[in-house]
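What follows is chain A paired twice: with chain B in the first complex and chain C in the second.
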Partner chain A sequence: MNRKLSVLLFSRKAWVFPYVAFAALFIVLPLLLIVGFAFTDETGAFTFENFSNFFAQSEAIHIFVYSIGIAIVTTVFCILLGYPAAWILSQSDMNRSQTLVMLFILPMWVNILVRTLATVALFDFLRIPLGEGALIFGMVYNFIPFMIYPIYNTLQKMDKGYIEAAQDLGAAPWQVFLKVVLPLSLPGIVSGIMMVFMPTISTFAIAEILTLNNIKLFGTTIQENINNSMWNYGAALSLIMLLFIGITSIFNSDDKEHSNEGGGLW
Partner chain B sequence: MVKRLLSRAYLWLLLLVLYAPVLIIIIFSFTESKVLGNWTGFSTELYTSLFDYSIHHSLINALWNTLTIALIAATVSTILGTMAAIGLFNLRGASKRTIGMVNSIPILNGDIITGISLFLLFVSLGITQGYTTVVLAHITFCTPYVVLCVLPRLKQMNPNIYEAALDLGATPFQAVRKVIFPEIKSGMISGFILSVTLSIDDFAVTVFTIGNQGLETLSTYIYADARKGGLTPELRPLSAVIFVVVLSLLFIINYRSTRQNKKKGGKR
Partner chain C sequence: MQTENYIIEINQITKVFGEKTVLDDISLKIKRGEFVTILGPSGCGKTTLLRLIAGFHAPTAGNISINGEDITLVPPHKRPVNTVFQRYALFPHLNVYDNIAFGLKLKKLTKQQIDRKIKASLRMVGMIDYEDRDVDSLSGGQQQRVAIARAIVNEPEMLLLDEPLAALDLKMRKDMQLELKEMHKNLGITFVYVTHDQEEALILSDTVVVMSEGKIQQIGSPTDIYNEPINAFVANFIGDSNLFDGLMLRDKQVRFCGVDFECVDEGFGEGVPVDVVVRPEDLYIFPTSDAAQLTGTVQSCLFKGVHYEMTVLYNDYEILVQDYHPYQPGQEVGLIIKPADIHIMRKERMANVFAGKIVDDRHVEFLGRTFECPAISGVEAGTTVRVEVPFNGITLQANEEDGTLVGEVQSILYKGDHYHLNVLSDWDEQVYVDTNDVWDNGDRVGIRVVGEKIKILTP
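So, the complex of A and B:
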């Protein structure tokens, strides 16, 4: 009996049990609670009211659409500015580019609020007024490392032979880029979009600070509702965002795994 | 040649923009002016007054809370995550996939969703939110990263040496301690350091689980400060110190991982 018990306790599979219990309580149950709260009212009765409220309020929908718009603009800027950087980094020799990539990733480990406040300071310093432009700059500034890194990773692993082959076969430089390099680096772009787009739609503090609270993003709306004890409505808004994240990540699940394999951020 | 020069210039320009705000903070931490951007002569006064407990007890308390929360959360996450990784590595099939998927939820989810979901959990269970709930929340989003740090080390390990240790008379516990542990130690350390940085950095999850008992971490303190409009001048030297500390931690991690990569490359 004693021996059996010890075999069970020290069988290596059993080591996962504490985490399974922990994850059930702190990861799975809380998500179910979001769903539960979203479909009930304050008394706990089942209702669709939270969602009909959302779709009835033009302001709430406006903020949601506007947030997605800001997220798209941010993501596009990140691609346009980050892709050339990733390309240049992937061209330089190995040791040098490793260090340079580190330099690009470094700022994102500084507290996001401190960085944003520093951006505000920079804008004050240059006498640039805060507002939508500052918001987009701040977002791009905060998230561009997440775009550069995965693109750099795929470009780094790309077989350079394809480029040479295309050139030998008479392709012009722009053709080489459009028909060879871009398609091959698509997985990197896709996971970059994931890593930029997702956090951008869910930020709240950054927008408040960079626009002096003049522009509201969806994250801010959620936070305000939770703070004002409108838990059920807040949960419904969270569920809408969760579904949005879920749908976007299903499209990318394969690429996500690839980028994790490439790892090395830590 | 011109192309090379241009591409170099582009990289350095981008880096300059990325670092400009941080540089401004660091530069203006060496002057006494209340307003950022106003240079009133070189001084290290802010660095001294930062640690003056009589003036800045709330800031120092917030810093202390941030550090202790990070250390507790990272320690628990490292133990929990390592055990989970060892168990997960030896599992097969559907249960392995399911646990792996659940493990990735806090990573994929927006911070705000993780924060709100935990907020609803604590509210539903009737738990008063405070220090403990913040620690639990931080363990929740740190552990998945530890699992992801340790798993690759287990995959690299020769699976036979554990069996060999058992055959040579080690108890399973001894075998884990003396054979598996040394192999995955580097992954555990990376996971621990990563957890510390994630925890110190976190704002969104903390703000939803910190409750209203007056507890503050650095993030919530800065947030409250920024909302009031004026930044406490001492936050400048503090941010500068944090930046330098994080920088050094990152260089340690990077140094470790490149050394390991070299080792790996050598074996191949």
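So, the complex of A and C:
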């Protein structure tokens, strides 16, 4: 083997190649395709029609806004339920918290569709009608581990010295929480929001199953369009959603620069 | 009433963490306005004691009162004390101003009051223009100052300081020591200061509390502690010292290093083993002559800035001497110790004593193991007895497997010609060993007991 080739093969740089190839093929190329489809019509000619269609259709915008609303409600519920759980986890001793974290993560091992179908079965069994309530329940149930884990992480890494310092300076337990613990765990909450909010905007399977297809989310609309071979319009909707998520994440990363510990899965 | 002078009274506090007794029956009274230092090696329980005062732990037994009021179970936020933490614990999400304002805002003071107090406290610690700074952008010394400002701004009756200078470099530490002393004078409040640095303790304090292994060894003024150490531990821990095993022959007469010396201590009894301490600066060193009490050879000579520090070998004893005049290694020198400079201390123990149980006429069980011992007669198997093992009846092995049980070296005293070690066995009992071998604190060692030296004390 000539020397140059062996250097190339065994140098560290060479190892990057498979990943670059993978990323190019399965991430960059599809994104370019989305952009391409979004700005063309069925014949392949350049057009803004797909976007103007979207903004012209009050139903599409309504679904978009409704999806964001559902995502916000889900995220808020996840915070309200997940934060205390993360707090309890971070307070319990090591062995017990490991088990508890495991219990929270365990449902994630089951496929999301199976879990959602099981939720339907449960609602049927309890004779609770499916619909918006079931949808939110299903979303929270599916995404809450993504909220708990990053918050748990930041809480657990938090120096207990800060809590003691606050107590020492005269803060009652609730003041310690509001003035020290909560602000210091903000990076974890932000990570959690990213982990929950973004995927909830684009879900469609949960909505379909838990509302018997009565409630449409934005993800559902995209999926329907693609399924019905309306690739260009579907791509435009995807692009709108991508931009929206992109904007929220830029908004979030601003915050993260100050807190050196994001502490999440992100 | 006498009690009114005391701001805090600690009564027979015991604190147990899991299996470990960290504080063992501690009683301490601190006068209002005093600068008290709690001094001891790491792991002696000094920080735990401070945390009990601050309220972060509840004692297992005993009580604490501040201003005559029992506060044993009062949560930390209701105690009239503030703490400067070892690692500062400044809130990273708040700037300097808001860190200091934290306590004041909780007290619902007006903005103007808060502002005035913060300005005053920043002036006190010399950090006037730093209000808007991020705490992460400050150096260690500056963070320390902010931490102090954050505590004193609340005008506590007592300020607790947990090794506040430990993380600073030497120069910075010296400056801060002076400033702390100055601050104490200006504020007029009680300072309780925890440190492992004996020099710091001597410089700063009105009263030093020396702790070791969860117990208070000695309470006294810095000069008392230095000049009249109560036992070998204190003598060794505070300042440089020569420590010897001695024998009190009679009043005012003590033998150590194989020589009889005149001393000023009385009342120990006749023929009683004692610990003897001689400070290196208290030895007179001169070219050998008939006047010498001890004649030895200089082994090493180090220049220490102001004085020279020399080791003199006399028979098998290494003696540390400090003098302004150097004597070169190899030189024969004479030494004289004045009677008043010989400090005699009661030995805490003469030998190891363990609770044991007779197994058969040649074996006894103690420290969780069975040992062969000299023949026992007239004692039934199963009888509980006291077992005495002299310090030289125990040997330490570098290889843990070579010992009957394993232990960790906890403290070392140099006695001139041998080391006196305190080893915590895995059976959780202290084993005291005399040895010529050099060990380090924290060494894991195998412990062996010399069978012939075991003495059974029948109940």
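Going forward, the second predicted complex is superposed on the first by the 250 of 266 C-alpha atoms of A that agree within 3 Å, B and C clash if a C-alpha of one lies under 4 Å from a C-alpha of the other, contacts with A are read in each partner's own complex, and residues count from 1 in each chain.
One rule holds for everything that comes next: a residue touches a chain if its C-beta (ideal position, glycine included) is under 8 Å from a C-beta of that chain, and two chains touch if they have at least 3 such contacts.
Because the structure is predicted, anything quoted here is derived from the model rather than measured.
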{"item": "Which partner, chain B or chain C, touches more chain A residues", "value": "B"}
{"item": "Partner chain(s) touched by A:A165 [first = chain B, second = chain C, both, neither]", "value": "second"}
{"item": "Which superposed partner A:I61 touches (first chain B, second chain C, both, neither)", "value": "neither"}
{"item": "First, second, both or neither for A:S202, with chain B first and chain C second", "value": "first"}
{"item": "Chain B versus chain C as contact partner of A:P183, first or second or both or neither", "value": "second"}
{"item": "First, second, both or neither for A:R12, with chain B first and chain C second", "value": "first"}
{"item": "First, second, both or neither for A:Y141, with chain B first and chain C second", "value": "first"}
{"item": "Intersection of chain A interface sets (partners chain B, chain C)", "value": "none"}
{"item": "Parts of chain A lying in touch with chain B, wherever the complex brings them together", "value": "6-7, 10-20, 22-23, 25-31, 33-34, 37, 81, 84-85, 88-89, 91, 98, 100, 102-104, 106-107, 109-115, 117-119, 121-122, 124-125, 141, 144-145, 198-199, 201-205, 208-209, 219, 222-223, 226, 231, 234-235, 238, 241-242, 245, 249, 256, 260, 263-264, 266"}
{"item": "Complex contact set, residues of chain B against chain A", "value": "7-8, 10-11, 14-15, 17-22, 24-25, 28, 36-37, 80-81, 83-84, 86-91, 99, 102-106, 108-114, 116-121, 123-124, 136-137, 139-140, 143, 145, 147-149, 152, 171-173, 176, 190-191, 193-194, 197, 200-201, 203-204, 207-208, 218-219, 222-223, 226-227, 231, 235, 239, 242-243, 246-247, 250, 253-254, 257-258"}
{"item": "Contact footprint of chain C on chain A as seen in their complex", "value": "159, 161-162, 164-172, 175, 179-180, 183-184, 186"}
{"item": "Sites on chain C touched by chain A in the complex", "value": "54-56, 75-78, 81-83, 85, 87, 89-93, 102-103, 106-107, 150-151, 154"}
